[in-house]
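Listed below are the structures to be examined.
In the two complexes below, subunit A is the common chain; its partner is subunit B in one and subunit C in the other.
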Partner chain A sequence: MVREVSESCVDSLLTEMVACYCNRFYANKPELAARRIEAIGYQVGHQLSERYTMERPRFTDHLEAIKFICKDFWSELFKKQIDNLKTNHRGTFVLQDNKFRWLARMSIDPSTDNVSPLEDITSPTAESKAAQAMSMHLYFPCGIIRGALSNLGIPCAVSADISNLPACSFVVRIKA
Partner chain B sequence: MPPVAPRSGDAIFANVERVNAELFTLTYGAIVRQLLTDLEEVEEVNEQLDQMGYNIGIRLIDEFLAKSNVSRCNDFRETTDVIAKVGFKMFLGVTASVTNWDADGTCCSIVLEDNPLVDFVELPDNCQGLYYCNILSGVIRGALDMVSMKTEVTWLRDVLRGDDVFELQVKLLKHVPEEYPYKDDE
Partner chain C sequence: MQFFGVSEISPSPPAPTASGNNGHMMYVFNRNGVCLLYREWNRPLRTLDAQQDHKLMFGLLFSLKSLTAKMDPTSAVEKGNLGMLQLPGQGCSFHSFCTNTYKLSFMESPSGIKIILVTHPRTGDLRESLKYIYNLYVEYVVKNPLYTPGSPIRCELFNTTLDQYVRGIA
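Moving on, here comes the complex of A and B:
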């Protein structure tokens, strides 16, 4: 029996980590906050992939390692597999999770961020604030994926696409 | 209708959504490591962990009360007992005990023999003074704040500093009477 904790522990920790870096340390420097959050994710991904591959033989190619992330790795973290994997066969992979767990409880209604008058609720500022907060949270799973793949010998860059919420796509670009 | 009996920590833990503890442990470790890099002093890291814990505690108490069926605790003694027996089990899957009460029942220790936060953790020599699990003291203080108990939480024993258990001292500073916003009560 593997040790478990309540999901609330992880959710609370992630929420507070993002709040800490975005609102306290780097309130006016979102790029620096993003980099720190991604670095934390990278560290976590690096270590987790070490643990989850302890009893596996070495992966023979990039696709095999990516499939490991989509199946075993994702199942350990989110209790489901990635829903869809696409590739252009030139080093770019798109991993789509149709209902990404860490976004499921986030509101995309800008009005929840505001106590200001009606005009502001529909303003681009309020809209982009909500989107920015969400994207900050995504630097962490992007870092996890990058850390895991780097540990498996695949240096890459990872970004997230949330244009179809609650689906989330992670775009992995392998470095030559 | 008779009141619903309080649920045990084990029963709640069996029913909440759970995740692999390694994700939690390694994420916390990576956060502490990043804070040590970003902040100049170890004491600042301790303060930041406590603040993060406080912010988490003021929210976790809502989930705790919603799921545990705990009714109003009559005093500080009962409250800490519930935290140790139900709260720690519900969230972390571990058992804590309460001991070392003082004569007037305002100060006690919560003892953890098992702690998922410190799996895989070793502290290097340059981290003297770090309270690695300081987020826990913040969580407890934040949660108690929300049920009108101002407390001071300090570490007495720490496995990462060579002790055999984690021991938190919880001291009740003030029991704040609940203030109703409704003038009609007068």
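Moving on, here comes the complex of A and C:
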């Protein structure tokens, strides 16, 4: 029997985890908070890839492992596959999810009343605060991808781009 | 519950159109009476400033809830004094009232979130619509990681989805 957990429960847990690390544990150290969140993601990805590759033969090359992440792994996590995969054939892969579940409900009001009276909407502080809050939620999935690939013998660095929400692109750079 | 005004002074608005656009305004209050959201689609005449308007609306709801519970002929439970605080779901509660110029529909969630939708007087029963709006609130506000509970709602996704839905109410 498949073990299941409520999606809302996982969503709330993720939100609360990010909030705790950013606003409580490391309120004045966003870089440290980001590292911690990514490290948790790494552990989760590491364990999940172990579980989801149990019945599989070993991957022969990087592309095969990345395809596994895009199809089977992503389907287990988000009930859908990665929508688009690009590569430069030199160790960089871009995985694009056109409607990333963990960003689907994330929104802020671009109107001026979202900003305190002393803060101009065009100022970098207002923009960057919102961007930073959003990016904090991406360290966890980046960590998951890095952990999964690391467990498959592929050391890499993973970053995310959210220039057009709710789409999200994960850039995987494999270390030589 | 229906209140009827004198038609010469305040004539009824034209019948609702099939295309919708019957929503006038909407309020969302939390259990502490804080107005989390005020949305307006059709309100040509404004006589109060925003804060007074919100206070008046919350006061009206508080009084009506208390009154309807006190008047309930079916309940044998000791009702206490008029104006006593009613817990969400306690006693009977009204879901709408209608005047000759507008209809006010109301719903309260178990957590004390109050949704008030003011529409054209000939709009039908909106209880299901309010449930759907509450569902939108849960999906796009409560589950939005950037939203701080208890603060005014400033979620673009929620606003656009809400506008789209309310414009479709016939």
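Rule of thumb we're sticking to: the second predicted complex is superposed on the first by the 163 of 176 C-alpha atoms of A that agree within 3 Å, B and C clash if a C-alpha of one lies under 4 Å from a C-alpha of the other, contacts with A are read in each partner's own complex, and residues count from 1 in each chain.
Operating definition for what follows: a contact is a pair of C-beta atoms (placed from the backbone, for glycine too) under 8 Å apart; a residue touches a chain by one contact, two chains touch by 3 or more.
None of these values were measured; they are calculated from a predicted model.
K.L.:
Is A:M134 touching the first partner subunit B, the second partner subunit C, both, or neither of them?
P.N.:
Once the two structures are laid over each other on A, A:M134 reaches subunit C alone.
K.L.:
Let me test your reading of the model: by the given contact rule, A:V18 touches which partner, first (subunit B), second (subunit C), both or neither?
P.N.:
Only subunit C is touched by A:V18; subunit B is not.
K.L.:
Touching A:S150 in the superposition: subunit B (first), subunit C (second), both, neither?
P.N.:
neither
K.L.:
Where does A:R36 make contact in the superposed view: on subunit B (first), on subunit C (second), on both, or on neither?
P.N.:
Touch status of A:R36: first partner only.
K.L.:
Is A:S8 touching anything from subunit B or subunit C once the two structures are fitted on A? First, second, both or neither.
P.N.:
both
K.L.:
Return the chain, subunit B or subunit C, that is in touch with more residues of subunit A.
P.N.:
Of subunit B and subunit C, the partner in contact with more residues of subunit A is B.
K.L.:
Using the superposition on chain A as set up above, list the residues of subunit A that contact both subunit B and subunit C.
P.N.:
In subunit A, residues 8, 12, 14-15, 19 are touched by subunit B and also by subunit C.
K.L.:
Show which residues of subunit C lie in contact with subunit A when the two form their complex.
P.N.:
Of all residues in subunit C, those touching subunit A are 139-140, 143-146, 154-159.
K.L.:
Looking at the complex, which residues from subunit A come into contact with subunit C?
P.N.:
8, 11-12, 14-15, 18-19, 105-111, 113-114, 130, 133-134, 137
K.L.:
Show which residues of subunit A lie in contact with subunit B when the two form their complex.
P.N.:
Against subunit B, the touching part of subunit A is residues 2-10, 12-17, 19-20, 24-25, 36, 39-41, 43-44, 47-48, 51, 76-77, 79.
K.L.:
Going by the contact rule at the top, pick out the subunit B residues touching subunit A in the complex.
P.N.:
My answer: residues 13, 16-24, 26-31, 33-34, 38, 48, 51-52, 55-56, 59-60, 63, 90-93, 116, 119.
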